[in-house]
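Chain lettering (A, B, C and D) follows the sequence in which the chains are written, and residue indices restart at 1 in each chain.
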Amino acid sequence: MGTGRVQAFSDGVIAIIITIMVLELQVPREANLAALVKIAPVLLSYLLSFVVVAIMWVNHHHLLYQAKRPSARLLWANNILLFWMSLIPFVTRYLGMNSRVPFAVALYGAVLTCNGAAFTWLRQSVNLHRVPDAEMAAYHLGMLRKSAYSTVLYAASVPLAYISVYLAFGVFVLIPVLYFLPERRLTEQAENDANKFSSPSS
Amino acid sequence: MGTGRVQAFSDGVIAIIITIMVLELQVPREANLAALVKIAPVLLSYLLSFVVVAIMWVNHHHLLYQAKRPSARLLWANNILLFWMSLIPFVTRYLGMNSRVPFAVALYGAVLTCNGAAFTWLRQSVNLHRVPDAEMAAYHLGMLRKSAYSTVLYAASVPLAYISVYLAFGVFVLIPVLYFLPERRLTEQAENDANKFSSPSS
Amino acid sequence: MGTGRVQAFSDGVIAIIITIMVLELQVPREANLAALVKIAPVLLSYLLSFVVVAIMWVNHHHLLYQAKRPSARLLWANNILLFWMSLIPFVTRYLGMNSRVPFAVALYGAVLTCNGAAFTWLRQSVNLHRVPDAEMAAYHLGMLRKSAYSTVLYAASVPLAYISVYLAFGVFVLIPVLYFLPERRLTEQAENDANKFSSPSS
Amino acid sequence: MGTGRVQAFSDGVIAIIITIMVLELQVPREANLAALVKIAPVLLSYLLSFVVVAIMWVNHHHLLYQAKRPSARLLWANNILLFWMSLIPFVTRYLGMNSRVPFAVALYGAVLTCNGAAFTWLRQSVNLHRVPDAEMAAYHLGMLRKSAYSTVLYAASVPLAYISVYLAFGVFVLIPVLYFLPERRLTEQAENDANKFSSPSS
């Protein structure tokens, strides 16, 4: 029994989470630019959450691929992660409607903190199955640390929202940027390795 | 023809059921803690149903894995289960809006009773394909009994709701707890077995 | 390139269609039996459509399994079927709100007629790939005829709704019953065959 | 690690996008033909977007099949495409409600332009993995050009909407027609090739 069905179920839930946020974008009554600009905070909240969920999916993609067996701990760590992810559409809409209210911004940060903690725990669950490859183990540990750091950063956004919502938004934008860059470098390296292996004669 | 597509379809339906409940969480107009506390029953109903559906998915995961062929009986027992599961978002919202009204609590219990009965029937359908392994057969019988017991407990919550809604909520919380613990023990045992097999020399 | 991804996409769309109908079940404000009885037509419309879509999924399951290659014709016949299936939630809700108005009943019948015609065309598309097995070809032809007959019956429900909505409802209930029975017999036979093959010594 | 999970996730998201548009079809209160005719623009917008998304899915189906490895660039080009696709239900509803207002028509054209550009970039990303087959490479280049051309046409619909919304609608109808025909020819050719290979003696 591989992790295929866990992946399929997670893909289903994440696909729905990332898509239903669009359902919550209420169409303005008037058809002009001013009406669209008025809902800009709603659209930007959607864009932010789409990026957050997409990054989580890409990391989940890489992570579950490495897990060989769906242990009970992995299964439940995954379900807990999916629970916290499922609250993202709710807080996204809340944020879009109240983008300058510290409470809404802090709540968004708090739910993302829980997501970060759940992801860290899931990675820890996979980590337990000892990885035989030294390079892979180092990569794993690096990603685990990154998960933990970004959880702490998200947690910091909660009090920061009460000082200035812009500081909290700074954190929300910073973390995806941090995740995006190294993830890219890493996969390119993996690609180079694959090229190396597939064309050893060149 | 394996049960692959039955699993894929079930995963799709269950993923949607577990996720659309979030769509029904209406965002309060005011952005403060008091507004959020006011919708606490709605959020707790969602949490309860998320746990119930997640447990059903985990058990469904284990169960369908064991079924080798998708017989007509299995297919329809599964469709009937999915029908009753599809009513969970409806009664969850009803419960969230009327968490102290016996009728809403009893209706939630009644729909979960039907779910329990449908799951028991589905397990019975799989059971029919005689299991060659004695240990597996004992596990199957144990799970079948547990399905039947929890169906009876859910049925009991219906009249209990009219005595006190808290008694019914006690049943709703008790059953997931009962399911969670042994499921965990069992999978850990399976994991130990797998470790034993994968490292016979140690 | 097999039909795997066509199946996966269809499963996704059908799973969503069958589940989002629940989202359209509006929870009554009052929590008592009278309020629930008042929305009985809505609940029964949902039950009817759930059964219709579940039967279509089961037949789709068997049909696509037999198609070896996803030709352009099959792909588009399938997309057209999915389009008509996607209108079922819309007409279901319309029917639930206006269950005694001939126009709403006739519209439901008309959309199911289009679904029947689209399914017949899809089966015809698969049929074109000549089936080598004589028994399979006979089964195929039988199912094709059944698709055509039920399309005609659904078409008849449109004028019947203007004579009496109960006549139209009679058709809506009759067709699933007709589909359910033979499908069951057939799969049981397939099962017996499989048993025969898997235990030739007994 | 193949592109299987990228396909599964994309299928999930596209299946949801194509289906949730139906949720936005608001059922008219009155059950008669006049009420239905009144929402004809909404229904036609839905039909148009269903066709657009279905064509994108078919092309995505063929495209990802050719990609052997999910590089970081492919993964993110795909996520960006899914983001723009996820806005289609929003602009579809906006268009349905304001089908004669240039701004709504232009916005629909603008989102489809972004979709076209994202699809072109995705195809370019796959193209980078050098295709060994000369015929395949020619096909690839042809499809890439077609993607680019239709992106330019969609971009032209934005100013055209301000001259006459009918001109813009002409573009919206023209592009699916152009896509549909050659796609069909091509797959039929592939089918002929497959027939040739599977029956070399005839």
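As a working rule, a contact is a pair of C-beta atoms (placed from the backbone, for glycine too) under 8 Å apart; a residue touches a chain by one contact, two chains touch by 3 or more.
The structure displayed is predicted, hence computed values, not measured ones.
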item	value
Chain separated most widely from subunit A, comparing mean CA positions	C
Equivalent-chain rotation between subunit B and subunit A, CA atoms, steps of 5 degrees	90
Interface sides of subunit C and subunit D: same vs different residues, half threshold	different
Centre distance in Å when subunit C and subunit D are each reduced to the mean of their C-alpha atoms	27
Chain centre separation (subunit B, subunit D; CA means) in Å	38
Interface hub residues of subunit B, defined as touching at least two other chains	8, 12, 15-16, 20, 23
Contact set on subunit A toward subunit D in their complex	7-8, 11-12, 14-16, 18-20, 22-23, 25, 27-29, 31-33, 36, 47, 50, 54, 57-58, 61, 65, 180, 183-184, 186-188, 191, 194
In the complex, subunit B residues that touch subunit C	1, 5-6, 8-9, 12-13, 15-17, 20, 23-24, 69, 71-73, 75-76, 79, 82-83, 86-87, 89-90, 93-94, 97-98, 101, 103-104, 107
